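Accompanying notes for the structure given below.
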Amino acid sequence: MALTPDELAAVVARDIPAGSYVNLGIGQPTKVADHLPEGSGVVLHTENGMLNMGPAAQGDHIDPDLTNAGKVPVTELPGASYFHHADSFAMMRGGHLDVCVLGAFQVSATGDLANWHTGAPDAIPAVGGAMDLAIGAKQTFVMMRLFDKQGRAKLVPECTYPLTGVGCVSRVYTDVAVFDVGPRGVFVRETFGIGLDELGTRLDMPLTELPADDDRRSRGRRRTGPESVVA
Amino acid sequence: MALTPDELAAVVARDIPAGSYVNLGIGQPTKVADHLPEGSGVVLHTENGMLNMGPAAQGDHIDPDLTNAGKVPVTELPGASYFHHADSFAMMRGGHLDVCVLGAFQVSATGDLANWHTGAPDAIPAVGGAMDLAIGAKQTFVMMRLFDKQGRAKLVPECTYPLTGVGCVSRVYTDVAVFDVGPRGVFVRETFGIGLDELGTRLDMPLTELPADDDRRSRGRRRTGPESVVA
Amino acid sequence: MSRARILDTVDEAVSGIEDGSTVLVGGFGMAGMPFDLIDGLIRQGAKDLTIVSNNAGNGEVGLAALLKAGRVRKVICSFPRQSDSYVFDELYRAGKVELEVVPQGSLAERLRAAGAGIGAFFCPTAVGTPLAEGKETRTIDGRDYVLEYPIKGDVALISAHRADGMGNLVYRKTARNFGPVMATAATTTVVQVGELVPTGDLDPEAVVTPSVYVDRIVRVEARHYTVQGAR
Amino acid sequence: MSRARILDTVDEAVSGIEDGSTVLVGGFGMAGMPFDLIDGLIRQGAKDLTIVSNNAGNGEVGLAALLKAGRVRKVICSFPRQSDSYVFDELYRAGKVELEVVPQGSLAERLRAAGAGIGAFFCPTAVGTPLAEGKETRTIDGRDYVLEYPIKGDVALISAHRADGMGNLVYRKTARNFGPVMATAATTTVVQVGELVPTGDLDPEAVVTPSVYVDRIVRVEARHYTVQGAR
């Protein structure tokens, strides 16, 4: 069975090593926070100037001076810190965050990301922090449905939408499969209710199944941070 | 009569506009602080990370964590702030300080500064913050004796010592005269016990006396800061 | 750059802003937006402005009101398109306002560079994307970069939590965002604060914007808004 | 980069530093010098080190002791020559240690660039001086700049005033100096602190080094020295 968005968020959360510093993009990726295990010690970064952000604020706890990157009121956890925008993006661009989880319109087999612009001629261009986030963290994960409403694959040999970053994505979490992408090609880490053959047919690219003992199962391409807690 | 070092410091202090942000170099320039008038509102920057530095610390007030750029224990005035080294030199390099007062081995007619290295082959090179300070402030003042112990002029057509900065000095305060230097040549602002003719003879360069009503008497070449309080 | 002046009214604080100025406007969405200064700028009447800010206004307050008043020639921002940015959207689609989209981190770093005296910098963000088109690129140590130039302002309008009598500033939570870098990047920095405290009452270790960067201060009553929908 | 670990002993804190490492050492003269970590490094035995620090040691403690122990191949600093830097002076004159002199502000900015993911930057400091020889230069908007590259460390050894359980740091007065930028510029940042407080006890608005930059922490008893004579 294909995963629901919540189930997918849980799969991503499972793969985030304990103690990681993580930026969760706007939209779907925000859900990952709800599935991080108690005591995981994962520290959330919001690029508008904060580390150790807590859950969304409710009721009387809403403070207009404390929001996340989506301008949603949030809370502060003990051990939080605030910093200005240049320092916040220096933290990101300098490679100090372990994982960034982003949504995507398309990801290419080599890890190119397209998630800021559909290229529609009447769209008002708006990039926000997407390009900084795409290339900044030690690992960039993408969370998306594998096929769009028309059934077209969003994991593609080459992106047709304008790029957000080149070769920046290391792993793609989708409702039907998890992939490692990069210069060596596309590896299937796990599937949800779909066979490798069917996947291969529907995706226009060569796929390799990762053997169960492959160290890529637990370590990402650019990981240099804390050890993974997943087997 | 030629000025004593203290008298010279008083002349420099007189020319620093009220409310200025000022960096005083190590050695002679440090004395300028003692001659700033009460209530001048001049704020001293020390490049090791502080604004509104107070006088040298004495006795029980000595704190090893609070020193000036010469590593001398100093004090903190109300309204002080601390910042790290990159921020401190950004403040300097970005042109936010009004005046920097430095010592010199040589200054050229066009405002080149040599104050970090005599070029002696056995000298251990050491620049500290000299090059950053030379080019950073809105105005760089030099304080020095006009002639060295051998009687050679230190205000020269062209520096023979290795440079600290190019065209960075706007005014030179010496024991016998005050000069404006720069692309338009050398102007004599005032003299102390020496005639313009004798100055002209001893300095190997053309000199122009600044007329009393010349606006360069109160405004420096690069001044864009607070209005001068000197007539 | 000069000694900060504390003014009684918003109108005094924004006086003298000239037509054609580049105005840096703090805030991330509504958090840290200097609403009172923008309202003052609308009354003041300067037109043909270039506005540098993270967003391009929400609803009909703040930047949106300035846009609606027809004073803005060009917007430089990272994310103009928000759920409630209809004022900008209409002007843009009607060809009545120019737009330069800059990745959020590059925007912050270009402002910092302006304040820190950096002439240009090689930045990894946006490499290989449409936002790098026409920009100089270079490979350094095996990584690709684009050359980014400083963004300087004639005026910065920012909001801070608290100022002391000298102009030292502290902010509140994620309302800090662009304020500290914009304060360094403008010729004249104007700050609206919620509270004025006597000089000496701010902890020198916790000052975020040192007084040297602040030119004008005005105290205003707090006005807060929240917004949802986009970064 | 990873979750900070609080260690019981200095020897654990400096374990694993490899021969040939580049070690960033905080401090400006004696203020902020991590004496205990340097003593630990001497015991630990790593040799052939490149040391990046503002100075090159005072008397026979701290960096001077490390130099005296013969562990240093090269020093990158702004001001090696001080009234009591005789250990360095002798090694240098005997050709036993290499020296790269960097202007103090360029040193700080190159460290910041390493931490902020900047590939290189055009800096106005040192233009036209011997320290710019061989460096790429460029005129931007009528001003001359030299191109400066990041300085990355394998390890940073710094001293802070107080840490919380997550690794957030605050400093004390001008002992802050290079600590915050060095913490961002090294693969592994090791901090000695005078005090450990529970997570949540530091004011999030006043944290200077956010926890993401800190890898190892050890509490030590305060040792203070003062020095006079040079920047």
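So that you can tell them apart, the chains are marked A, B, C and D in the order they are listed, and the count of residues begins at 1 in each.
The rule is short, and it goes like this: a contact is a pair of C-beta atoms (placed from the backbone, for glycine too) under 8 Å apart; a residue touches a chain by one contact, two chains touch by 3 or more.
Since this is a predicted model, take the numbers as computed values, not measurements.
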| item | value |
| --- | --- |
| Chains touching both chain C and chain D, listed by label | A, B |
| Third chains touching both chain C and chain B | D |
| A-D or B-D - the one linked by more C-beta pairs in contact | B-D |
| Chain A and chain B, separation of their C-alpha mean positions in angstrom | 54 |
| Inter-centroid spacing, chain C versus chain A (mean Cα positions, whole Å) | 29 |
| Between chain D and chain A, distance of the C-alpha-averaged centres to the nearest whole Å | 34 |
| Shared-contact residues (touching 2 or more other chains) in chain B | 76, 82-83, 90, 92-93, 136 |
| In chain C, residues with contacts to at least two other chains | 109, 112, 116-118, 123-124, 171-173, 204-205, 208 |
| Arrangement of touching chains [line / ring / star / complete / other] | other |
| Interchain contacts, given as pairs of chains that touch | A-C, A-D, B-C, B-D, C-D |
| Residues of chain D defined as touching chain C within the complex | 109, 113, 116-124, 138, 140-141, 143, 145, 149, 170-173, 203-206, 208 |
| Residues of chain B touching chain D in the complex | 26, 46-50, 62-67, 69-73, 76, 82-86, 88-90, 92-93, 112, 117, 122, 124-132, 135-136, 162-166 |
| Contact footprint of chain B on chain D as seen in their complex | 28-32, 54, 78-82, 88-89, 92-93, 99, 101-109, 111-112, 123-131, 144, 161, 171-181, 208, 224-231 |
| Sites on chain C touched by chain B in the complex | 1-3, 112, 114-118, 164-166, 168, 184, 187, 199-200, 202, 204-205, 207, 210-213 |
| Chain A to chain D touching residues, read off their complex | 18-19, 21, 41, 43, 45, 51-52, 76, 78-83, 90-98, 136, 138, 224-226 |
